[in-house]
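Shared between the two complexes below is chain A, which pairs with chain B and chain C, respectively.
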Partner chain A sequence: MEIAERRPLPLRLRRFRAGSLVPIVMLLAVLLVLIAVRQPNFLAPPSLLSFLGRSTPIILLAAGQYFVIVSGEFDLSVGSLVTAQVVVAARLIDSEPSRTWPVVALLLTFGILVGLINGLVTTRLRVPSFITTLGMFLILVGAVYLWSDGAPKGGLSEEFRRFGRRAFEDVPGLGRVQYALLVLLAVATAAVLLSRSDFGRTLVAVGGNPRTAELSGVRVWRAKTIAFVLSGLAAALAAILLGGYSGVSFQAGAGLEFAAITAVVLGGVALGGGRGSVFGAMLGALTLEMLFALLNFYGVSGALKSTVQGAIILLAVAVSSVRSTSR
Partner chain B sequence: MSDPLLALQGIGKSFLGVRVLGGVDLEVRPGEVHAVVGENGAGKSTLMKIVSGVYPPDEGTIEFAGAQRHFSGPRDAQRAGIGIVHQEFNLLPQRTVAENVFLGREPRRRGLVDRRAMLGRAAELLASVGEGSLPPDTRVGRLGVAQQQVVEIVKALALDARLIIMDEPTAALADHEVGQLRALVRRLQQHHIGVLYVSHRLAEVFDLSSRITVLKDGRRVTTVNTDEVTADQLVRHMVGRELSGYYAERAKPDERGPVRLAVRAGGNRILRDINLQLRAGEVLGVGGLRGAGRSALARSLFGVSPFTTGAVTIDGEPVRLRSPRAAMRAGIAYVTEDRKGEGIVAGLSVLDNALLASRAVRPGWAGRGARAARIRDLLAAVELRAAGEDQDIRFLSGGNQQKVVLARWLALGPRVLLFDEPTRGIDVGSKSAIHDLVRRLARAGAAVLVVSSELPELLGLSDRLIVMRDGRIAGELPAGSSEEDVVALAVGTTRESVG
Partner chain C sequence: MRRTITVLAVGTLLVLTGCATDEPATAPSAAASGPAGSGTGEQSKFFVQADYDRELALLDATPAGPDGKPWEQALQPTMVDTAKFKKAGPHKICFSNAGLNNPWRQVGFKTMQAEVDAQRSRIEQFVHIDAEGKDQKQIADINDLLGKGCDALIVSPNTTATLTPAVESACKKGLPVIVFDRGVDTTCPVTFVNPIGGYGFGHVAAEFVSGNMKPGGKVLALRILPGVDVLETRWSAAKVAFDKAGVNVVGVEFTDGDPAKTKKIVNDYLQRYGTIDGVWMDAGAVAVAAVEAFLDAGQPVPPINGEDQLDFLKLWKDRKLTAIAPTYPTYQWRTPVIAALKILDGEQVPSPWKLPQPTITQENLAQYADPDMPPLHYAMCGCTDLPGYPDRWK
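What follows is the complex of A and B.
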C-alpha cells in the first residue's frame, strides 16, 4: 500500500522509545561540551568529583522520586521532609557527639514513617497522592516551625557533619573522594538492582495499568506504599548529607521536591507512571545540576532556578505526550 | 389508520468501513408502541442513535411528523420532538425533579428563574403521566431507579416530545417497578405519543408493543403485528443464521475428569442462586444476553466482585475467592473481556506482560532464569508472533496480545481457566488459534469456562452450556444444542411463560 506515513514530529524525537536513555545522555554531553568551552578546569577530576558530591542529595531524591512517579504517583513532601530532618537533627544532637548515631537511626526511621503514611493515605484512604503529599509538606513545615519556635536550635555534631563534608584525601589519580560519593555509589547500585527486580518491574506495571496489575495478583496498594517508603528513605539520606554540607536552616530542603520531579521527568520517566528507568532519573538529576552550574558560569542569576525547572517540566511532558498521542 | 409519525426508509450506516446497518425501514404511528428486538450487535443502538440525531445516516431518509429531516445533532432532534430515555440516565442527582426537567430552559420572570412556575409545570406534567404523587421539589439523587426513569420521560415531555425512544428501559428495574413503567407507557399512548421500545426482554415486548421489528446483523428481518407472532417465531427471526467455522473436536466422555470447581448457592449483588459444577477436561460455555450476569459469574469466580453468599470448592477443598490474588492461589486464571483496560499493560514489553502474574505471586531472584525460560517456552507454545520479547505489547495485534495474556496465566499452571469473550476484537485467523488453545488446555486437564456473546463460538467450543438470565442460571444445554435453544433460554420464552 502506498499510504504516506504522517510524521507530525521530527523523526529524531520519535525514534527513541519512551523511557530511552539516549536523549538524556545526549543532553548531558552537550552540557559538558558547553562547560568545557567556558570553564575547562571544571572537568578536571577533583572539581568534577566535588561537583558530583554536591549533587548527591538531589540524585538520591531523584532515585526515590522515580519509584513513586513510575508507580503513577507523586511525592511533593520530600523537600519539607529534608528540612524537618535537618532541623530535628540539630536540636536533638545539640552539638553532643555521642548522640550522632542514635539520631541518624531516628532520621531514617522518620523518613520511612513519613513514606509509610504518604503511601497508606494515598492507597488505603484513596486520597490523590498530589494532595496527600502536599498535605504532608504543609504538616511538616508547620510542625517544624512550631517545634523550634521559629528559629532552628541546637547544632549538629562534627561526627554528623562529616557525612556530608569529609573525604578520603589524596586518593591516587582522583584526589579528594568525598564520603558522599560512596553513599551515591551504594544507593545508585541498590536502586538500579531494585528497579530490575520483580518488585521494580511490577511497580512499572502498576503505573502503566493498575487494573491489569490488580487482576494479575499484584497488591497495588502495597507496591505503591513501598515506593513512598523508598522516597522517604531517600529523603532521610539526602538530609543527612545536606545537613553536613550546608548546615541547619529552614531552607535546607526548600524546593527539592520540584528539583527531584524535574530531574525524573528530564530523565525520561513518564509522569503518570509506567515508563522510565531509575538510572535515567539519576542522570536527569545530574544533568539538572550541571545545567545550573552552566547557568552559573554564564552569570545567569540563581533566582532563575525555579523558572528553568518549570520550563523543563512543561517541555518534557509536552514532548512526551505529543509523541505518545501522535502514534 | 393514521399517517406515520416517524418513517425511516433505507437507513444505512457504516463505521470505519464496517457496515452496521443497511436498508432498514421502520414506521411508528402516533400512539403506537413499536418494539425493536435483535441480538447483541444487531444494530438496535445504532438505529436509535440515528433516529435521535446522534449520528447522521449514510443512506436513507428520515421523515418525522410529515417532513423530511436531517438532524444536525441530538438537540436538533429534541427540538423537532424526539425524546430519548437512555439506559443510563442523564440526570443531575443534586438537583430537584423540576430543575432536571427544565434544565437549561427554566421558565423565567424578569431574568430570574421563576421557581414557582417551574414547580407548577413540573407537577402538571407528572400528573399527566399519572405520577402526580411524586413531589417536583425532591432531589433526584434520592429517587429510586424507576422514579428517575419517570423524570427522564417527563423531561422529554416537557420538550413537547411526540416520539419517545426507550432504550432497554427495564434493564435497571426490579420486577414490581416494571408494572409502573407499563402504566406510564399506556398513558403516553393516550396522549398520542409514539414510543420506540428497544428491549431484550420478550415478555415485555409482547406485553407492551403493537408491532415488532426484528433486526439481525444490521438488517431488518421483518416487522410483525405483535398479536400475530409467537415468541418462538420471534426468536427464530432473531437468530436464523448458519453455523460457520471450524472447531476442534469436543471432549469425549472419558476425557472428562472429576468435578474440579463446584459452586453451591453462590450469590452477590448481581448473581443469585448460582449452582454449577465444572469438570476437569471440559469446556463449559456461558451464554446469555449482555447484562444477564455472564461476565459477573466469571468475575465472581476470580474474586473481582466475589460471591457474598454460598460456597465454592476446588477439587473438593473449600476455597474463599475474596480477591483475584486469592483466586490465583486457588489455581484459577481469568482472561478478561476488556483486554486493553485490564488485560495488558501498554508500554511494557511482551516479556514484562507475560511475567506479571508470576512476579506478583512468586517474586524473588532465585529461579529467575528458569522462570524466564518457561515463559519463553509458553510464548512459543501459544505461537506468539512478535518482533521480539522486548517489543511493546501495544504494537501487537489483538490476537497476539491475547496469547501473551494467556501465557501469563499458563505460567502459573492453573487448574481452572475462565475466559471472558476470548476472541473479542480478534481477527478471524487468530480466532481459531485461540479456539484451538482453549480446547488443548481442556484436553491437558484444565477445567475451562468460556463466556461468549457470539453464539457460533459458544456452540462450537462448549461441551456443555449454561445460559444466564437476570443474574441466574436460566438453564443448561448439552453440546449440539441450537442457537434458538440458547436465545430462547436467554430471553426467557422457555421455562417461564411469556407475559
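What follows is the complex of A and C.
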C-alpha cells in the first residue's frame, strides 16, 4: 500500500495522501474566511465558544463513528440510540433531581450494551454491519414509541440538563465556557490517544485488510466489537449533552447517524476502512457544522442539510474510488 | 467484494438520508428562503373569511350557561330538540377516541374519565377505544362499538373527511352521536362540541405579540406542521393580524413540535438577525424551548405566546416574561359526557356547542400556574372540582 502511494499520481485529486488532514483544514479555513466576510461577529470568542459547545454532540459522535468506519464497518444506530436515551432518561428521572447520577450511569451502560450487541452480531454472527445497525436503529425507534405511547413522558431534572446547557460563567478572557466544552476536550484527547495506541493502529490494520490482520494474529472480532462499543459510548455522551440542551424530544437524535458519517468521510476517513485519523473525523464534524452555520447566515433553508450531506458522502466515495481503482 | 459492500452501504445510506428527512414541506415557509425575510407569504388555502369573522365575533360574545363552569357554557347557542333520544338510565356510553398520542389528549382523556366518575350514578358503563391516530382503526372501532349496545356514542375523529362516512353510519343506527374536538363533514350528529377555534387562537396571540413589541420589529413565527386545519387557521388569522400591524415577519418555520428543532431554529435566527423582537407560535408545546433559546443566548426574551401547558406558565411566572397563552381548552373533554347525559334525558342541547376559549394573561396567570402540577399538564382542564384531582393528572 505504501509503495502504491509513492508512485507519481496522475490525478490532481491525489496530491494529498489519503487520510491526510490538509484538505479538511483547508476547507475549514475557507469556511472561516467566508463566515468572517458575512458575519464577522461570529468569530468573536464568546460566540465561537458557544458554537463549539453546540457542535460538541456531533463531534463526539464523529469520533465514535471514526473507530467503527476505520475498522471497515458502519454504525447507523447512533441517531436512534441518542433519541432512545433522551426519552428513557426523561421517563426515569421524571423531574426528580436525586435520580440524575444513577440515570447518567445507566445511560452510559445502555450505550455500551447497544454497542456490544452491534459488535457481536456483526463479528460473531457475520451480519454486515449496515444491516445490523440498521436493525438496531429500527428496534430502538420502535421500542421508544412502544414504551412511551408516542408521546414523551416525564421530564429531565435541571441537574441532568446542566451538562448540556450550563457553563462556567465569566472565565477570564473567554467569557462563558460551557460544560460541554470540557467533555469535548476530554473525549477528543482520549480519542486521539486511543487512536495512536496499539489498539488504534490494530483497528486501522483490521479495516485495511482484515484477512492479513487475522493472519498476523489480531483478534479481528474483538477489535471491531470494541469499536462499536466506543461508538455506543459516544452516543450516550452525546445524548446526555443533547438532552440537556433541548430537553425531552422525540427527535433529539434524528439524522445524527448521517451527520456523523458525513463528518467522518469529510474528515478524510475512507468508507470501507483502513485510512484516516480521528482528529480528521472530529474536524470533519466541526467543518460540517460550520458549513451549516454559513448556509444559515445566507438564509438557506435547513431542509437543504440532508442534500448537502448526501452530496458530500457521494463525492467522498467517488474520490476514494477513483484513487483506489487506479492504484 | 469490499467495494461492493461499500457501494451498497452508501446507497442504503443515501436512501435513508432521504427517508430521515422529515422536515415537512419547507417549501411553504416562503419567508424562510429569503435572507431579508419576505413577510408572511401567501394566505393559507384553509382560510375562510366568513369563519374568521364569526370566530373573532365569538371572542367578545358573552356565553350562556352556569358561571365559572365554561365546559357547560355555550356561545350564541342554537338549541336542538332531543326528546326522541330520551331513555331511562343508567346508561352505557361509548367513546371512539382518535388517539392519546400527545400530552393535550392525555390530559383531556383523564379529564373525561374523571367526569364519567363524577356521573357514576348515571353511567353504568363507559367504553373507550383508542384508535392510536389511525383512520382505518377508528373506522373499525366505530363499527365495533355499534354492535355493543351503546346508549350514546362520542366520537373525537382522527381526520375530518375520512371519518365522515363512519360517523354517518353510526347516526343511521339511531343512537345519539356527539362529535367533539375535530369535526366531520356532516350535520347528522346531535351536536358538535368544540371551542371557538383556530382563528381566535392565532388572532389573540398575534395581536398581543405585535402590540407589545417595538414598531417595525422582527417577528419569528413558529408552526408545528403545515396542512392541518386547526393549525392552518391559527396561522392564517395571525397572518391577517401581522399584515395589518405592519410588523416584519422575518421567518415562518416548522418545528414538528420538537424542542430540539425549535431551539436550533431560534438559535439560527438569533445568529442571522442579531435580535428577534417577537415570537408567535401556533401551539404551546415547544414554547419553553423557544424561551430557553433566548435565555441560553443571553438575550432578553421578546413578547411571546405559548399555551396553557404548565411548563410554559411556570417559566413565564419565574422569568417574568411578556407573554400570553391563548388556549384550546382541555375542559372540552368534559362537555361530550355532559351532552350525552342531557340528550339521554331528552333535554335540549346547543348544536353546535361552541365553548368559550379563555386566554391566560398576566392578570390571571397566578391562578393557573400551579407549581404542584407536572410540566406537561394543561392548566385549562376545568378539572379542579373533579374526583381524583390533582393526583389523577400527575
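One rule holds for everything that comes next: the second predicted complex is superposed on the first by the 314 of 327 C-alpha atoms of A that agree within 3 Å, B and C clash if a C-alpha of one lies under 4 Å from a C-alpha of the other, contacts with A are read in each partner's own complex, and residues count from 1 in each chain.
To be clear about the criterion, a contact is a pair of C-beta atoms (placed from the backbone, for glycine too) under 8 Å apart; a residue touches a chain by one contact, two chains touch by 3 or more.
On a predicted model such as this, the values are computed, not experimentally measured, just so you know.
Three-chain overlay on chain A, with chain B and chain C fitting side by side and no clash.
By the touch criterion defined above, A:97 lies against neither chain B nor chain C after alignment on the C-alpha atoms of chain A. The partner of chain A that touches more of its residues, comparing chain B with chain C, is C. By the document's definition of touching, of the two partners only chain B reaches A:218; chain C does not. Contacts of A:201 after superposition on the shared chain: chain B is touched, whereas chain C is not.
Using CA centres, the angle subtended at chain A by chain B and chain C is 130 degrees, rounded to a multiple of 10. Once chain A of one complex is fitted onto chain A of the other, the partner contacts of A:275 are limited to chain B, with no touch recorded for chain C.
With chain A used as the common frame, the shortest Cα distance separating chain B from chain C works out to 13 Å.
Interface residues of chain C, counted against chain A in their complex, comprise 2-3, 5-10, 12-14, 16-18, 20-23, 26, 29, 32-36, 99-103, 106, 132-133, 256, 258-265, 267-268, 271-272, 288-289, 292, 296-298, 311, 374-376.
Within the complex, the chain A residues that touch chain C are 39, 42, 47, 50, 54, 72, 74, 76, 79, 95, 128, 130, 134, 149-151, 153, 155, 165, 176, 242, 245-252, 254-255, 258, 261, 271-272, 293, 296-303, 306, 309-310, 313-314, 317, 321, 324.
Residue ranges of chain A in contact with chain B, taken from their complex: 17-18, 197-199, 201-202, 204-205, 208-209, 211-219, 270, 274-275. Residue ranges of chain B in contact with chain A, taken from their complex: 302, 304, 324-325, 328, 334, 336, 341-348, 352-353, 355-357, 359-361, 363-365, 392, 408.
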